[in-house]
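Have a look at the structure below, then the notes.
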Amino acid sequence: MNTMIHNTIHILLALMMPPLLLGIIAKTKALFAGRVGPPLLQPYYDLVKLVQKGSVFSSTTTWVFRAGPVVGLMTAALAVLLIPLANSSAPITFTGDLILLAYLLGLGRFFTATAALDTGSSFEGMGAAREVTFACLAEPALFLGLLVLAKLSGSLQLSTMLGSSLGPHWMTAGASLALVLLSWFIVLLVENSRIPFDDPNTHLELTMIHEVMVLDHGGPAFGMILYGAALKLFVFGAMIVRLAFPLATGYPWLDWPIFVGGMLVVAVVIGVVESTIARLRLTHVPVLLVGACLLSAFGIVLLVR
Amino acid sequence: MIYLLILFPLTMAAVTFALPSNRWRPWLVPVAALGHLGLVVAVFFQPGDGAAVSGLGGWLMLDPLGKVVLGFLSVLFFLCSLYAPGYLALRSDRPNRVFCANLLVVLAMMTLVTLSHHLGLMWVAMEATTLASAPLLYFNHNARSLEATWKYLLIGSVGIALALFGSFFLAYSSLKAGLESTLLFDQLVQVAPKLSPQWLHAAFVLLFIGYGTKMGLAPMHTWKPDAYGEAPGIVGTLLAGGVTSCAFLAILRVWQICRAGAEAGFAREIMIFMGLLSMAVAAVFMVRQRDFKRMLAYSSVEHMGILVLGVGIGGPAVYGALLHLINNGLTKGVLFLSAGNIHRAYGSKVTDDVRGAIQRVPLSGALFLAGFLAITGSPPFGPFVSEFTIVNAAVGSGQFLAAGLFLLLLGIAFIGMGATVLAVVQGNPADHTTDNDYHDSIATSAPVLLFMALVLLLGLYVPPPLESLLREAAAFLAVKR
Amino acid sequence: MVQLLDPLLIVALALNFVALGVSRIRAVINAVALQGILLGIMPLFVHPEIGLRGILLVVVTIGLKGFVIPRFLTHAMREANIQHEVKPVVNFMSSLLLGAVGTGLAVVFSYTLPLADEHTDSLLVPASLSTVWTGFLMLTTRQKAIMQVLGYLLLENGIFLFGLLLLEAMPFLVEVGVLLDLFTGVFVMGIIIYHINREFASISTEHLTELKE
């Protein structure tokens, strides 16, 4: 019975919260800039508006173009079901589900990039190439971090790795976990196309990376993309919150609000980072990503010695 | 008394720095050098056992090995200082305040190296010689000497940093053995058998590389051609004869600790290999060398290799190496100073421009030729005796490969150096270079003649006091306690 | 107290990589300065009952490594009016990877060196060797004279790290000697940089290539 309640809360939270994160990030950036900024619930209004619009598809595109947003949304939704939130198990959990998580996200990225290439436009192609390169370099960081957690918890299930056993591990292997946390934060920034890797607000031709890949989508398709991106942010944010605040008070009534609070904090931190750091030159991005991989690698070295 | 050996040059350096007259300042240097020589002689002849001269609670001590190097350094510096007033009079356009003061600071610091029995203090003194000699290198204030000084400083500092690292390793080896961690030489020699072998090995390697950089062993010698090539003759002599000898002394101290700890085999192989490598590198680069001052630098690399090789071979070769230390330094004095004179006469140091030195500056040219013959090991000069001793010991102890390579490389060096030297000395001077009104004078020739006389003397007859001093030092090195 | 030392050492190691990877000279100077400050506080963790001389050492180290020398280098940089970008001979990615390989080797090698009982499980020896390696890398792969000086500073930092192991046992004379020589060395090097700039209107050592075989 308890599990069903937890799962229900899990699904409801996963459905409802993601756009709020986007709103918080936008609001934080606005406050830093001295503006009032859009209302916190603006992304919801945007989604509603987009769903009500019609679609225009270019005649040069094929089914891939139409499939891109759909696959992106589906993979993100499935991924969210794999992540444990708030000291409870995820609805879907089995040994090795961390590999499924990584490759679900990879599948979504693949279809987004392919949909972009499908339009035949050079701008989309450029953005796709860049995005895929960044993802290539960021993936080892993610996996090395997961390796650290697997070694510490002795299991290959995400729900156990990011579970309540993590708390005591912070005492003994705190340095390793801190390194992994930092590395994963960088991975979050790159996978969700945030500054310093990509500016989500730019629409200048030569500076867009993620934006340009979805430039040709409109209406409900764009709504799906937007919501899918929010879900992806939620997934990574949840992983970071579980890593950073592995609190297990034992009362579900406390655990869930703590988790929600943690997610809000992560959103604010992303907003702060976006407001204070400038975007990196393209040639310097690989250096930072390799640096993130090295941080995770260090985490392992510290564990193994 | 032992403190005076260091404090006297330092005070004289301060006085030299403070003296306002550019004309009279250079004369303070020979005066200070003479005073230092006098002090050294007094210390040598102090009643009682020479090893009892100590200070700072055992941090400073004059042992037989230190005596050899200290005595040699003092004589070398004195003869160089005789050259200084004449040279600086010719360069009276440049302010020589920093130059003269630093000469004396270098003397003080070199003295400190020979006296220190605490490896940390020795390290500080070596670093101080590096820092103090940098402005000396930069005396000419042009782009080339700037480049030379930069390389010297950077590579020298890295070497010294590695030597510090090695010193720390050495201290840790005693900590690891559960003993009180120490850097005092005497204590380390006593507890050497108990020291942790891995740390001792690692320490030896680092110290050898670090101090070897200061000595100019290959492959850490890359600063030498530039530095010696651009330095004034007097500075070249000091560096080639003095500072390298101090670095060699530092290596010998560590060598002795390794010997006492029965790790000699490992260290010996390294010394022989690096010695032969330096000789080989020097020989290769000396062939077709157009700049005769750079050629002298490579000659210095070669002879540093010989020194290290001698100690590596062991037995009587150690005596030979110590004798060679003295011979090499004195002969380098001849070579560098006469090369400096020739450079001044022609305004260039490349063999394309410099020809017929024996006609243009007869005394310097002849001495340069004689110096070349001496340094490549011809009898009746000093280096022949020391090199012969080393080869003899090598063959006697069955190390035929080392002996064979040694002779072969000496031969190649002779050919390479000979080509350059003969090109410089023989022939007819080109017309335009005879406009320069530089001529050999007493001030710039007398010191060179004195150096040459000493080299000749040591080749014909090693005075018994010197011989016994060297034997004592060699025995001191071999003592395992 | 050694437990608290490890995180500090990790931050110091991370700063090595920052120094290798960033392109602005000012950023590298800041990284090295921050590392110097971290190293300055470490004696307090290695040897808690350190006494007045120890506190003095800590203060002097932090002052020299964290403030005096970086300020001096920034001043030299401004005097020379140079471009603020690093120009590496080996590009940043390769430098980072070489640094990572070196660090890995340092960790492996430090296993072969047996540590005294009270020091086992400490990251000091790997951190020290790794920082020395990073310093070497910077010295050999950077062309600007200031970057070479910074590489030398990293080398000295690495040696200082190792010296911490001997803190209880060794007389302070050597520690103070190290700091003094560091200061004098950097000071003299700075003067040389000034002269290099005057001579060539730049402090890239690619101009210092006239002296060749």
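Order of writing sets the chain letters: A, B and C. Residues in each chain are counted from 1.
Note that in this section a residue touches a chain if its C-beta (ideal position, glycine included) is under 8 Å from a C-beta of that chain, and two chains touch if they have at least 3 such contacts.
Since this is a predicted model, take the numbers as computed values, not measurements.
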item: By mean Cα position, the chain sitting nearest the middle; value: C
item: Two chains joined by the most C-beta pairs in contact, as defined above; value: B-C
item: Chain A and chain C: spacing of chain centres that average the CA atoms, whole Å; value: 37
item: Rounded Å distance between chain B and chain C, as computed from the means of their C-alpha atoms; value: 31
item: Chain A-chain B separation of Cα centroids, rounded to whole Å; value: 66
item: Residues of chain B that touch chain C when the two form their complex; value: 120-121, 123-124, 127-128, 131, 134, 138, 142-144, 146-151, 153-154, 157-158, 160-161, 164-165, 167-169, 171-172, 175-176, 178, 180-181, 183, 196, 198-199, 202, 225-226, 229-230, 285, 289
item: Interface residues, chain C side, partner chain B - complex; value: 112-116, 132, 136, 139, 145, 148, 152, 155-156, 158-159, 162-163, 165-166, 169-171, 173-174, 177-178, 181, 184-185, 188-189, 192, 195-196, 199-200, 205, 208-211, 213
item: Chain A-touching residues of chain C, taken from the complex the two chains share; value: 6-7, 10, 13-14, 17-18, 21, 23, 92-93, 96-97, 100, 104, 107, 123
item: Contact set on chain A toward chain C in their complex; value: 174-175, 178-179, 284, 286-288, 290-291, 294-295, 297-298, 301-302, 305
